[in-house]
Amino acid sequence: MSAPLLRVEHLGMHFGGLKAVDDVDLDVPEGEITAVIGPNGAGKSTFFNVVSGFCTPTTGRVALNGVDVTGLAPHRIARLGVARTFQTTKLFPEAEVLDNVIIGRRQHTKSNVLDAILRTKRLRTEAAECRERARQALEFAGVLHLEALPVGSIPQEARKRVAIALALVAEPQLLLLDEPAAGINEEETSGLTALIRKVVESGIAVCLVEHKMRMVMDLSDRIVVLNQGKKIAEGTPEEIRGDPTVIDAYLGGSSHA
Amino acid sequence: MTLFLQQFVNGIALGSVYSLVALGLTLVYGVLKVPNFAHGALYMAGAYVSYVMLTSFGASYIVAMAVSVVVLAVLGGSMEWLVFRRLEGKTPVHSMIAALGLLFFMEGTADVIWGPTFRQVPTPFDGVVTLLGVNITEQRILVIVAAVVTMVGLYLLLKRTLVGMSIEAMAQDREGALLVGIDTRRVALLTFAISGALAAVAGSLIAPLLLVFPNMGELIILKAFVIVILGGMGSVPGAILGGYLLALAETMAGTYVSFAFSELIAFGLLVLVLVIRPTGLFQKGV
Amino acid sequence: MRLPPARGVALSLLLLTAILFPLLVDNPYLVSVVITAYVTAIAVYGLDVMLGYTGELSLAQGGFFGIGGYSAGILMATYEVSFWIALPAAVVMTAALGYVIGLAALRTRGDYFAIFTLAVGVMIVIIIERWEGVTGGTDGLIGIPPPSSIGPLRFDSLTAQYYLVLFFLVLTIYVVWSLVNSLVGRTFVAVRNSEELARAVGIDAGKTHQLSFVISAALAGLGGALYAVFLGYIGPAMGGVQMTFMMLVYLMIGGVASLAGPLVGTLLVTGLMQFLQAFAEYQMMALGPILVVVIIFFPKGLAGLAKLLPERWRR
């Protein structure tokens, strides 16, 4: 059996005495949607930060296609095919949508300062290619018509789509989505759900952190539940729905949807 | 041994001044989250106000210092009110550039009024006390005592008064402070006023020991930055401890190694600290 | 990246004005003022690469200006090296020092970076003042000769020097323009906008900062070297913190992250200061508040104001 796309083993991230992530195992297979859920402070965001290289884990390892990437810098992990979004999109509000997305292709280009100054053919070809790819990604995300508008002037949901387009333009193997539906309404959420499904159908695996239960239950092939940094359950949406430990720790207390 | 004690006392006196300057800087950093490059100019202005009170108005040393404290508190407060308040919500780079503008305005003004000449500030405390074979000028004793009194006063202000507690609350969590109903603007204004007053005390105390000139704040502010980075931006005990330690290190290095070396200590420390821990020694990592 | 035709015409007119300037203005003093503004503007473009496009305030720019000036000055005055070798050598030297300093300085960001580079700036002046045997200490270095001739081209007249400096200014503007309008420039802006996001899309933020800092230092070195050669003299004040401050004033008034900003700001403020020479001693007193006002009310400077004009005015 070949190694899964993403394999996380015994992952631990400790801040002083606090164990934000504690001995978590998780696999994300190709072509599937894996959701990571849990109450606030369960360690979901930290988990993402470790996988995408923004934090170096205290214990454990992260492997992509069987290759150990633990502790690599974020840009290296990104270049290995892992794209991610952030809870707040972090896009540049003053710049146009298309300009925001083009940069996502930079990792596949080689133009340097000399190319820029000498306006070489390589620079021109690469710039045109980045632009074309960025437009394709925007079209895929359903926001191509907004390409010339400043990000600051478009609605919240469109911004989420632009952020996903930015992540996709690099053609990743794995897309990490950090609460993609935060701050948008029910109708917009179902639109976004459809987009995420489309992403997976195009052959990209998705790992998702989300609070909105309906979205998670609709989308996910597998769900991993974290509580206080520990994995307390794992399974299909049906299994998770009926799991008493999960209901105890999470669904029973406060409803989040 | 006598030499060591002598230098130790000198170091403590210098450290008192360093600490006072660093304290003002660190308090403002706590609420503004931006290094106030103009803080050294407040220290310089404090020295000049005392100088004018002593020489032109014939005021007594204590009165001169009191006037300086009041003037600089107003000056510090107006910095916040006129400038930094208006930059709320902009990037830190904006505030840093504004601070530089204030720095050069104040230095330029001092240069226009008093010229670039070095001024000697008279002190009534020019006697010398001999203790265990160590000669200590009365002014140095005054520096040490006054600084300690000021620090104790500041400590009581921060820990025992509502205003002080608001300052600390805001330094720790601005939004939280806003949520629990603290008037953050008023607190910011007061913090700047306090920082101006601290700079005035420092400037007035050191003036008779050194010379007064428009750029006198430039080197000490850099040292204060080093202290504050060492002690943790926003940390009061860090600023006090760091001030004394740096001054002692400099005095001892100047005595036993060389003067040039003592000048480089602060910068060497800065490079070292930032290379080892880019976010400062006592700050939590990213 | 093609320019709209109207802009091309405007640019050609500007260049023509710059070329004709010394022929039309029969005032050597005025020409030398403009030369000074040009060389300073080169360094201000460097400051803008770091501050405007990459988003970090480097307060060592005056120091790098001084290093460029002293490198060229020492090579030419002490070792009698030709200008045509000394100039590139000075640029490379400054860039190399920028690289080494960047290795340490760029471990920090934002406020700590500003403090660190301020300390570097102060240290550079201290070293220049103390290293008397080489730099001439506080007296500075005199007797830097004008550039040697290349064939029939001689550079000992003011007009010739004007064109030499103009050439390097145009070159600088071209380099900055071509960087900004390329994937490299996009990378700088991405890092300025959000370092986290940039890293997440595979950009090596550290390398990007380092590159920007080196380019910024190299331009300061170029400006400084030309400045020293043009004046024939160099003193420690040239590398001082006050120099950095002046550059910052020029940049903020002209407008950050705009191609015209650094040149417009430098020409305008230097020009005004010549007019108000009688008030020279009030210079700092006046420029401080101006900087503060600009930051509060016109954070994008004159270039930002120009953008507010109706579209058709610009085309």
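For reference, chains read A, B and C in written order, and residue numbers begin at 1 within each chain.
The definition used in the following text is that a residue touches a chain if its C-beta (ideal position, glycine included) is under 8 Å from a C-beta of that chain, and two chains touch if they have at least 3 such contacts.
Note that the structure is a prediction, hence the values are computed from the model and not measured.
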Report summary line: Ranking B-C and A-C by C-beta pairs in contact puts on top B-C
Requested in this report: Name the chain with the Cα centroid closest to the overall protein Cα centroid.
Outcome: C
Report task. Report back the single chain whose CA centre is most distant from the CA centre of chain B. Result -> A
**Report entry** Where chain A and chain B are represented by their mean Cα positions, the distance between them in whole Å
**Finding:** 47
Report task. Express in whole angstrom the distance between the two chain centres, defined as the mean CA positions of chain B and chain C. Result -> 33
Query - Approximate Å spacing (C-alpha centroids) for the pair chain A, chain C - result: 41
Requested in this report: Going through chain C residue by residue, note those that touch at least 2 other chains and give them in order.
Outcome: none
Query - Contacting residues of chain B [partner chain C, same complex] - result: 33-35, 37, 83, 86-87, 90-94, 96-98, 100-109, 111-112, 218-219, 222, 225-226, 229, 260, 263, 267, 270-271, 274-275, 278-280
Report summary line: Listed in rising order, chain A residues that touch chain C in their complex are 52-54, 73-75, 78-79, 83-84, 86, 90-92, 95, 99, 102-104, 106-107, 109, 111-113, 115-117, 119, 123, 126-127, 130, 166-167, 170
Query raised in the report: Can you name the residues of chain C that touch chain B in the complex?
Result: 51, 55-57, 59, 104-105, 107-112, 114-116, 118-119, 122-123, 126, 130, 241-242, 245, 248, 252, 281-292, 295-296, 299
Query raised in the report: Where on chain C does chain A make contact in their complex?
Result: 174-175, 178-179, 181-187, 189-190, 193-194, 196-205, 211, 215
